[in-house]
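Note that chain A is present in both complexes that follow, paired respectively with chain B and with chain C.
After this line comes the complex of A and B, so read on.
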């Protein structure tokens, strides 16, 4: 009842609900680079810091009111950059990147909390981009689990094969692994093929 | 109230014979009142015993904490704490919304039950929950 009323009032005053678009995927696939690229393109501002050390993003970063136009259609959304989802977080991995042991343990705990937070957000997002590193095997427990869950929740999915600028990238293997979903191959870092992704986003949401 | 020898500082009980005969340590007969409670051997023994008991109870508590932690780690299905800083995350269980248990510090567990939160509370962050 309240929902209907809200919808009616929203329609009456012409205020559009913001679509919540979540960026999901394992750590180090370039989610924040992608979020920054989109955010910079449509709002002029970046969203978060990028690092080669995994789990750089340990809490959900949000950019509100990102308006996107393509083929005469305009959407307005909240872009949500999620912490990387993994099945194991080990502080020793951070120590290998030169981080002090104590700090690495704190980072490890924060990263674990980040995974939980990202998963909790699955109930709130309207559409999801699942970001893959095109140079990595797409058939992982994390990817299969996330995709299966999104599908069960009936949330629109766009597979994003990122890092196509890498020599050993094989974006088609991602498409072959999960052919049933919307797909775009890009390099967020090198700004390659982003137009194709924007079209997919507008079509999808 | 106990007395203290003005010369050598020896503390005497208030009914000590030495107050009449002179300090057994230096022979002086000048004494001042000593403020505060004098701790005799018996009292000292009691204090030591209390502290030891307290220490034992703390050790026992640590032992209990350790046992609980081990047991919890066995039963934890969403997040296992292998060692400080090493976590194994069972995504499937997390996604199934089983009660989420996270060890925040040694022996301290926080349990998040999705059913306890209504959908109206949109701003709940994990920091509020754990």
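After this line comes the complex of A and C, so read on.
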């Protein structure tokens, strides 16, 4: 209810210059790959580095004034690539990926701060893409928590089923788990179905 | 300091009656104290999405080399419109549901659905 009121008052007393579009999800769902794909397409520059090691993005990365066009429509936004939200960060997991123990402990600390920062940003975004790995089980408490918080704040949501290029991907299971939201299935890595996602973003935002 | 080895996992159940008397901050501290003591806690109530976000934040703030965070699962309250109207009028939120929470060191989720959960308690 407060979200709706805030939106109404914003509409009455001021216009936002830039829409803040957040990219949320658990670690390793391809959020930065997606952010890079969008940023490269509409600004010519990438946003952050990607890695197989979880929690590669440990602070919020921002690309300002991204002008997205699709079907003759255009929106201008700040694209925000969030650290992956997780309930656990174990430095031993980084060590298993070949990272030195001391460095792993530092990364681990940074990753926990990143999760807290991403949660705090839930209050400041105007619209969100929640990114799923289509080959993973979508019904997790992290996803339920992200979606529940956005819904309570009345923030528009697009579910993005990423990694549909994988053999074991099941994007429809995401739609089945959360049927009430806007939905797009893509492969950010392989540049598959991105046009469909851009349309959804412009419609939704 | 090395952790003392335990022979099993203690599971604590807390009833809704017991929990109703506590403010959320108290519940949060109770959960964190219990899971850091390597217990699995079962609460006879659901947390709201905002409360779950606070639980994740708190567990991240307390993460260190000995405590890698938490695993949690549960069944959320299935309140209908009438429940929400009553909650709005009375100022009392319905919390029907269930929450299972433990340190990720000892609790591992196998499968979670809206109406079924399976977990493994790890004995090292």
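Observations, loosely collected:
Throughout what follows, the second predicted complex is superposed on the first by the 189 of 205 C-alpha atoms of A that agree within 3 Å, B and C clash if a C-alpha of one lies under 4 Å from a C-alpha of the other, contacts with A are read in each partner's own complex, and residues count from 1 in each chain.
In this section, a residue touches a chain if its C-beta (ideal position, glycine included) is under 8 Å from a C-beta of that chain, and two chains touch if they have at least 3 such contacts.
What you see is a predicted model; the values in this text were computed from it and never measured.
For the composite obtained by overlaying on chain A, chain B and chain C cannot both be accommodated without a clash. In the superposition on chain A, contact is made by A:137 with chain C only, not with chain B. In the superposition on chain A, A:193 makes contact with neither chain B nor chain C. Contact with both chain B and chain C is seen for A:89 once the two complexes are overlaid on the shared chain. By the touch criterion defined above, A:124 reaches chain B but does not reach chain C. By the touch criterion defined above, A:43 reaches neither chain B nor chain C. Once the two complexes are laid over each other on the shared chain, residue contacts for A:149 go to chain B and to chain C alike.
Common to the chain B and chain C contact sets on chain A are residues 85-92, 105, 108-109, 112-113, 115-116, 119, 122, 141-142, 145, 149. Those residues of chain C that touch chain A in the shared complex are 48-50, 52-53, 56-57, 59-61, 63, 65, 68-74, 76, 104, 109, 111-114.
The residues of chain A lying in touch with chain C in their complex are 85-92, 105, 108-109, 112-113, 115-116, 119, 122, 137, 139-142, 144-145, 147-149, 151-152.
Every residue of chain A that touches chain B in the complex is listed here, in rising order: 85-92, 104-105, 108-109, 112-113, 115-117, 119-120, 122, 124, 141-142, 145-146, 149. For chain B in complex with chain A, the residues that touch the partner chain are 78-79, 84-92, 94-95, 100, 102, 122, 125-127, 130.
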